[in-house]
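Next come two complexes, and both contain subunit A; in the first it sits with subunit B, in the second with subunit C.
Our next item is the complex of A and B:
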C-alpha cells in the first residue's frame, strides 16, 4: 500500500516538475538572442568586435542638414534624440550596423531612417587603431527620454553576438513635457 | 521447480548483463558519432568562414590558391594626403594573378584580401580613402566578375587604412572560399 502511495507521489511530483519546466522554459529567441555588454554613458563598453563610448546626447525639436545640395528641415511630433559616440574596432575590421533607443517603458526606437543620409550615421565600417565617430538620430516620444538605454550591435540581427547596452541616465522633463535642455534646431553638419 | 526457476533467473541475469555492457559500449561509440554527424554542417560552415591555417609565401614567389597563381607585387604607403590624419596611413597592396581554373565566381567566393600585423590585428579594404586606379587594376571582387579566362593575368589592388604603428609589421594575406580555412600570408617586399 505504502509503495503504491509512494509511486503515486513520485508520479505527481514528476508531472509538476515537467509542467514547471515547460512554463518557465526560455523562448528560443531569448536563448539565441544578443549577449548584452552593459555600461553607462561615462564609460567605454567593450563588445566582441568593437568598443563604444557615448560622448553626448542632445534633444531637439527640429533637425537641419544638407541633402544633395539642398537644406532639409525635419520636424517631429515627438522629439529628436541625437547621440554622438566614439567607436573603435577591437582586433579585426568590423561593422557597426544597428542602434536602438529603449525608453523606460520598454518602447524601442530604431535609428531614424529619415536622417539616414546625414553624415556619421550607421552602418559604419571600423578598422583596428583607426578611431571613428558616429552620430545616431532617434525620433522618440519625450516621455521615453528619461533613464533610456542605447543598444548598439554589429548587425541588424545579432544572434549570440555581443550587443552594447548603455544606460543614458536620468533626464528631467521641462514644463512643456520636453526633455530638459531641448534645443529648437540641431544641425547635422559634416563635422561633429 | 524452485531450482529450475532460480537457474533461468541466473541465466537471464548473465544475458542481461552482457547486453547491458554491449549497450553501454554502443552508447560510448554512438553518442559521439551522433554529435559528430549532427554538428558536421555547422563545423563545415564555421571552418568555411574562418582563416585558421596560414601558408607562408616568400617575397617574389608565386602560390597556387583558389585555382590561380598569386604573387605579391607591391606593398606601399600612399603618403601626402591632407585629408587623412597624420597618425593614419593609406596602404596599397598589388597582386599579379595568373588565372588557372577560370570559374572565379565559384573558386574565389567570399574573396578577402587582408593586412595582418604582428599583434594579429586584421584589416579589410577600406572605403574611407580612394585613389585613382589604373584601368587594368581590379579589386578581388571585381576580378571575380571580370570574365577572365585560363592563362589571363589580372592586376588586383586593394586599399587599406592602418595606424602608423602597424606599418612596420603588416603582411598582406589572401583568403578565398574554396581554400578556407587555409589562407596565403605573404612575406613583405624585401627590396
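Our next item is the complex of A and C:
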C-alpha cells in the first residue's frame, strides 16, 4: 500500500515537473530575437554595427515634401512623429534599415512608407569615420507618444543581432489630444 | 471479462476495439468538417471584424479612366471597391491583399490608400484608413451589376508550427457582402 502511494506521488511530481519545464522554457522566437542595447534620448547607444544618438523628436499634424518635383502634403488620422538622429558606423561599413516606434501600450509603428522618399529616410549606408544623420518619420496614434521606445536595427528582421532601444521620455498631451508642442506643418526639406 | 481466453487473443481484441474507436472518431470529425455551412451575408456599411482587421465595406463602382494614380488605357474598365480598414494588431501591417476576394476572379487587386494615392502602404495600428481595391475588368467583358465579395479572416497563433513565431494564419471565410455597382467615383457610400 505504502509503495503504491509512493509510486503515485512520484508520478504526480514528474507530471508537475514536466509541465513546469514546458511552460517556462524560452521559445525559439525569444531565443533567436534581437539583442537589445538600451539607452535614453540624451546619450549615444552602441550596437554591434553602428552607434546612434537621438537628436530631437518633433510632432506634426501634416508633412510637406517634394516628390518627383511636385510638392506633396501628407495628412494623417493620427499624428506624425519625426525623429532625427546621428549615426556612425563602428568599424566596418554598415546598413541601418529598420526603425520602429513602440508606444506605451506596446503598439509598434514601423517607419512610414508614405514619407520614405524624403531626404534622410532609412535605409542608410554608413561608413566608419563619416558621421551621418537620419530622419525617421512615424505615423502614430497621439496616445502612443508618451514614454515611447525607439527601436533601430540594421535589418528589418535581425535575429541574434543587436538592436538599439532608446527611451524617448515623457510627452504631455494638449487639451486637443495632440502631443505637447505639435506643429501644424513640418517640412521634410533637403537639409535637416 | 476475457477471463477464459489467452492473453494474446485479449491483446488482439483490445487493439481492435481501439483501432475502430479511433477510426470512428476521425470519420465523424471529418464528416462534421465537410458539412456545408451556410454563408453569412454581411451588410454593406457595417463594421466587420476579421481578426487582424476591422473593415467597413463602403462602395463599389466602375471607372473607365485612371483613378488614384493608377493608369487605365482607353477602352479599359476597372472595378473599384472601397472600404475603411483599421489595423487591430500591434504592428504596422499590409496583410490585406486577400481580405476581400470577389467572385469570378482570382486576380490580385491593386490596393491604394485613398488619402494620397500611395500604393499599398502598411497600415498603422489603431488608425482607420480608407482603402481602394482595384480590379481590372478584362477587355470586352461587362462589369457586373452587383458586386459580391467574400470577406476573409485569419486567426492569431502565439506560435506557428513551422517557425514557432507569433502571427496570423489559417485564412477562412467570414461572410460575403453584396453591393450595387455604381458608375464613376461619385457613387455614394453605403449606409448601414
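The definition used in the following text is that the second predicted complex is superposed on the first by the 181 of 192 C-alpha atoms of A that agree within 3 Å, B and C clash if a C-alpha of one lies under 4 Å from a C-alpha of the other, contacts with A are read in each partner's own complex, and residues count from 1 in each chain.
What we mean here is this: a contact is a pair of C-beta atoms (placed from the backbone, for glycine too) under 8 Å apart; a residue touches a chain by one contact, two chains touch by 3 or more.
Please read these numbers as outputs of a predicted model, since none were measured by experiment.
*Asks:* Which partner does A:72 reach: the first (subunit B), the second (subunit C), both, or neither?
*Replies:* In the superposition, A:72 contacts subunit C only.
*Asks:* Just to be sure I read the superposition right, which of the two partners does A:130 touch: subunit B = first, subunit C = second, or both, or neither?
*Replies:* Touch partner of A:130: subunit B, not subunit C.
*Asks:* Where does A:1 make contact in the superposed view: on subunit B (first), on subunit C (second), on both, or on neither?
*Replies:* The answer is neither, since A:1 touches no partner chain.
*Asks:* When the two structures are overlaid on chain A, which partner does A:92 contact: first (subunit B), second (subunit C), both, or neither?
*Replies:* first
*Asks:* Looking at subunit A, does subunit B or subunit C touch a larger number of its residues?
*Replies:* C
*Asks:* Given the touch rule stated above, what does A:113 touch, subunit B (first), subunit C (second), both, or neither?
*Replies:* After superposition on chain A, A:113 lies in contact with subunit C alone.
*Asks:* Kindly classify A:21 by the partners it touches after superposition: subunit B alone (first), subunit C alone (second), both, or neither?
*Replies:* Neither partner.
*Asks:* Can A:140 be said to touch subunit B (first), subunit C (second), both, or neither?
*Replies:* Only subunit C; A:140 stays clear of subunit B.
*Asks:* Under the contact rule defined above, give the subunit A residues that sit at the interface with subunit B and also at the interface with subunit C.
*Replies:* Subunit A residues touching both partners: none found.
*Asks:* How about subunit A: which of its residues touch subunit C in the complex?
*Replies:* Interface residues on subunit A, with respect to subunit C: 27-29, 72-78, 106-110, 112-114, 139-141, 144.
*Asks:* Spell out the part of subunit A that touches subunit B in their complex, as residue ranges.
*Replies:* Residues 91-93, 125, 127-130 of subunit A touch subunit B in their complex.
*Asks:* Mind pulling up the subunit B residues that touch subunit A in the complex?
*Replies:* The contact residues of subunit B facing subunit A are 88, 120-124, 126-128, 160-163, 165-166.
*Asks:* If you look only at subunit C, which of its residues touch subunit A in the complex?
*Replies:* Result: residues 90-92, 113, 115-116, 118, 121-122, 124-129, 159, 163-166 of subunit C touch subunit A.
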